[in-house]
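In what follows, subunit A forms one complex with subunit B and a second complex with subunit C.
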Partner chain A sequence: MTAQLAIVLTAMLGGAIRVSTPFIFVALGETLTEKSGRINLGLEGTLVLGAMLGYATAYLTGSPWLGVLAGGGAGVLLGTLHGLLCSLPRVNDIAVGIAMMTLGTGLAFFFGKPFIQPEAPHLPSIPLADWTGDPALAVALRVNPLFFVGVAAALVMAWGFRNTRIGLVVRTTGDSAAAALAMGVSVNRVRTLATATGGFLAGIGGAFLSLYYPGSWNEGLSSGQGLMAVALVIFARWSPIRCVLAALLFGAAGAIGPALQSVGVTQGYYLFNAAPYILTLLVMVGSSGSKDALRAAPGELSITR
Partner chain B sequence: MTDAIGAAAHLTAAPPRRGSTLALRLRAGSEYLVIPVLAVLAASGLFGLFLLAVGKSPLTFLDLIWVGGFGSAFSWGNTLARAAPLVLTALTVAIPAQLGLTIIGGEGALVLGGFAAAAVAVPFVGSGAPALAVMPLMVLASLVAGGLWIGLAGLLRYRRGVNETIASLLLSYVAIAVTLFFVEGPLRDPASTAKASTRPIGALYAVGKMPGLNVHWGFAVGVAVAIALGVLMSRTTFGFAARITGGNMRAAQAQGLPVGRLMMSCCLIAGACAGLAGYFEVAAVQGRANASLAAGYGFTGILVSFLARHNPFAIPPVAVLFGGLAAAGGLVQRRMGMPDATVLVLQGFIFVVLLASETLYGRFSLFRISGRQGRA
Partner chain C sequence: MSPLPATATSAAAVRAVSVATQGMTKRFGGFTALDDVSIAVPAGGFHVLLGENGAGKSTLVKCMMGFYQPDAGTLVVDGTPVAVRNPRDARALGIGMVYQHFTLVPSLTGAENLVISRADAPAVINWGRERERLAAFMARMPFRVPLDRPVASLAAGEKQKLEILKLLYLDGRFLILDEPTSVLTPGEADEVLGLLRDMTRRGDLSVLMISHKFREVTAFADAVSVLRRGALVGGGRVADMTTDGMARLMIGDTPVREQAGRAPVAASRQTVLDLAGLVADDDAGRPAVDGVSLKVRAGEIVGIAGVSGNGQAALVEVLNGQRPLRDGRIFIHNEPFEPVRRDFDRFRVFGLPEEPLKNAAVPRMSVAENIAFRAFDKPPAAKFGWWMSPGPIRARAAALVERYKVKTASLDAPIATLSGGNVQRAILARELSGEVDVLVVANPCFGLDFASVAEIRAQIMEQRNRGAAVLLVSEDLDEILELADRVAVMSEGRIAYTAPVGDTDRTTIGRHMAGH
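Up next, the complex of A and B:
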């Protein structure tokens, strides 16, 4: 009995890791961007374009890792465009984000049509539990290397924010543009670079979607994950480590639906689909008004007005 | 800081009124016409280059847009039928924008409004209940459903400081999921096999075409609502208070303006507009509620409102332009062998260039009345 429960829980953990990986990448990217004082709502578009370009590249070259790189590249392009546009005076970053959502999704659907049918090679996974000889456990704990890359990136980012000059410059730019100017830093350049790098991470998250889980390209691949990840950043109070934990929480929530379906609960399938959005809303309601969130928010951010 | 200015800049769309003659006012106001038009032209040029790069002819594209959207009485009918929901979903963005709120959840409010209208009508089908009683009920249901949905985003913003842009889009996904749950489950018409739908609302409760025109009443109603809301926002104390709040929320609060009530009113009105769009999609176009309600009108409406600079009076003509693009989309798809996302790419180009053009305001001395009155 306890052994069975343990297997169910490991299955949930495996599912949480699978579902959370794209959240981790998008949330980390958005954390970096927001730490520099801008918000990029367009990461939903980046996620979709990254997924499409990653899938297409993997299909055409036969290498899923080149696909991951291409997904990141798509993110850099969109992020740079966002960053440059927002560097113009009087251009609103939230509005540009909405535009990038439209542009990214539009481009992905435009060029993605021929890649809906073909099968691209998938990313390999690391078998963590094959040695136990338990087939259920072995399947549950096949973890994609990108998950570890994401966790490592979070650790590096958390360390970097505290201990490096780049981290200091990004944080200062996000907290007070005037202070950054006094340091002799070009505010717009820092923010554009931060948005481009953030886009790179989000694009990788997109490539994970199409190349590992769910593992195919179609126009319904992402429905709001990019947006949810942006909301998650507020919940994580702009801390990369808490981003990973929050993403795992969301992953577990996302894994409940399929788990219930597998044991035969099909009633209300569409309501389960709504659960992640409602969870995100509740999390936003809980974290937006809190004093902790307000204290941790970068001072230049327009989202916490 | 710069963001606050950017947000305020697109709200003060009205030209300066005092101390200037009509000609000067026109010259100053024309900036708000000339720059968006230039932005659309520039975006079209870029899109032309994009078409060349993928090996398609921009001239053929332009020709097909003309033929499919504006070339004949038939295409005009198609265009205006698609412009009808766009006028209303654009108002969903424009009205809260007066207060500095960016609401992008119109799609969900439209779907929910349409579903509410159908859900109210279906039990009466075949009961002999008069249309004069049921149709107002349908309209009311759609207004309430849409209004409450966007109103919730406004409430969360006002009470808890939840970002309304993200919240409204999340609510939009929830609205679509809830609608699909009912359409695929409890309220599904057993006869709808290919595409799950509610039962049809029947001819009795359907909205017909305007006399002598190939367009349903939704377009006329949308234009009337746009004009009414335009008057409300530019000629009443309510609109004045809303625009003051949009310019500087803290100052408005310090002046004792009821900021919370203004926010809620504007969000309720905004959601009701999207709900009404859903009503007409069900009552005049689809005849039942199903997944086709989520056709993207809510998202195109965002661009329409931004291009109209959130000015309700400017929304109908811009909506007609995008209605035409949408109407011609099918023709472009068939004749040029391009995916249906082509129109979405063009919209993305226009949106990006339009926002970039935001930086041009006040840069041209041509539009200035004098050094003192011109906007820096």
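Up next, the complex of A and C:
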């Protein structure tokens, strides 16, 4: 029994790292965007388009890393479009975000049809635990390099928000547009750049989906992970480090089903697969009532004003 | 006006700059907001701009700061005419401005706010070195403000000091202050202004302050310029002027309605409004009103004084039914009162909240409709409680507009098109036209001209004399001292002090406002 529990926990750890990676990228992208004072609900569309373009590029060029870049590029394009549209007077960022979500997924489905069948090269993985000789641990700890990139990005962002001029300008813009204007900062430009950079991160998250895990392109690939990641930002109270921790939590929840299956528990498989969605609901209910969350929220967000 | 002799400064170490305007004129369309105004502030001077709202004070300083381009006139800094095209140019000349609202970023710490406000903020900030430099800077400064906490957690007085520090940090040598003491307790105001005056005496700084508080002018300033309707109507050395003289210059010859006399009241009058242990939270869930108990008798005005942000606004919102009570009860004539329409009518509770356009009117509905809010569903305006007839509504609105001298283009104009004073009058007309038992008033004269202020205060006094229990919440201590029978001071959500107005003074009240 303890052996089985160890297997389940190991599998959940491996699953948490695997499943959390796209959450990390999308949540970091959204954190950056929201810190600048805008909400981009379109990251679900960015995720799907990034996955499709990344897969197609990897298939056509034979290089998965070029695929990752292509995914990020798709995010930059969608993010810039969102940023520019929201810079127009009296345009609501939430409505634009929903439109961008539909646009991103629509474009991906339209151009992605020819790439559902072919096999594209996958991203490599780094074996961290092969030396232990424990096969379960070895499989669980074959970690994708993008996970480390994501964690590094979170550390850089957390450091940058406190220690760089750009970081402070983004926080200023997100907390008080009047103060940013008084400093001579172009609020719309900062927000557009932040949304584009956020889109880049989310696009990379998409490329991870199609190029590592699950590792293929189809239309049901994302199943709402981009939206969950946006919810996760509120749960993480706009802190990049907490974004990583929250993403790992969501990843672990997503890994419950497969982990239990690996030890032969198949009852309630679909119920366990719904764990991340249930967690999202609980998190939203719990954190929207939380006063700390409200206090940490950037002052310029259209939901807090 | 002739240039004023500089105050005693040691010529060796004068860092302050002198600034003068010559024939400054600014028009907005056909309206002349500023008409040929020349003022001169010598290096190391402490100069006050006096004037009513709309007299052109803000327009003048905005022209000096480069927010507006004057239609005529020049700005002279240290004897040289300069062109200031935007606030950045002004800053380069050492001219900085402290605004009425805060320009600090709430979620950033004081240190982060200071460093990021610098034009040459480094791309990567070496906090070790910046802290050392900030410590060295703070050692030269007269104020102490904690720099390691987010600005949102600072008290209003500390924020105001940090705003001033920011300008000095940016090497401001000429400070423009726009009513800087409106968010401070009298004690804090004296401290801040006193320290600034010391800096001007040492020649580190020149100050131009917009104010309407004569006390601050006589206590701190060297010289004063008075504006009225965009024109300079007088000024000179403070030592040569009297408060009465300054007031006359400000108001001009506008006839002011006599203040209604305070009718004597029998001491045994019964309690009408009884607040018992009220507790309510602010929007972020922190306690804003924290156990307020207060009784108001018939024919009495109880004035609640306090620095803005100490729970007065939340208390008024509770009484208006705009904010839920977490604990406590409200009684009127010993019966429980719920702030809902039925009880407002039953107990004859009326109110004039602050910012009436936002809190007591529907901006896009017409003046007549807004005036009918209290009566539109009762006869004669309505039959059977739901069939409205516009005739009586308009007739009543016309009568009230006439009686309360509301200036409006028509009864059908949206109320948002009226000026602030006229919105205030329209709402007062609606609230005071019937029998009033309880009246809740908040900052009723904020931003109004002298004539309207006198009129509105007289209306409030009249209700008191007719036997209403009046709760007056005001950030203007002079207003409370003029109107109230009893003063209550609110500090951090609690009633810190109450006293009959005859038995107390400004200093005692100020000390309790500061929470001592």
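Definition applied: the second predicted complex is superposed on the first by the 284 of 305 C-alpha atoms of A that agree within 3 Å, B and C clash if a C-alpha of one lies under 4 Å from a C-alpha of the other, contacts with A are read in each partner's own complex, and residues count from 1 in each chain.
Following the convention adopted for this analysis, a contact is a pair of C-beta atoms (placed from the backbone, for glycine too) under 8 Å apart; a residue touches a chain by one contact, two chains touch by 3 or more.
Note that the structure is predicted; figures quoted are calculated from it, not measured.
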Once chain A of both complexes is superposed, is A:Thr10 in touch with subunit B (first), subunit C (second), both, or neither? neither
Of the partners subunit B and subunit C, which touch A:Ser125 in the superposed model: first, second, both, neither? neither
Touching A:Thr172, do we find subunit B (first), subunit C (second), both, or neither? second
More residues of subunit A in touch with subunit C or with subunit B? B
Who does A:Thr61 touch here: subunit B (first), subunit C (second), both, or neither? neither
Touching residues of subunit A toward subunit C in the complex: what are they? 162-166, 168-169, 171-172, 175-176, 178-179, 182-184, 291, 294-295, 298-299
Can you name the residues of subunit B that touch subunit A in the complex? 1-7, 9-10, 102, 104, 156, 160-163, 165-167, 169-171, 173-174, 177-178, 180-181, 184-185, 299, 302-303, 306, 338-342, 344-349, 351-352, 354-356, 358-359, 361
Residues of subunit A touching subunit B in their complex? 41, 81, 85, 88-96, 98-100, 102-110, 113, 177, 223-224, 227-228, 230-231, 234, 267-271, 273-274, 277-278, 280-281, 284-285, 288-289, 300, 302-305
In the complex formed with subunit A, which residues of subunit C make contact? 87-88, 101, 103-108, 112, 115-117, 119, 121-125, 127, 152, 283-286
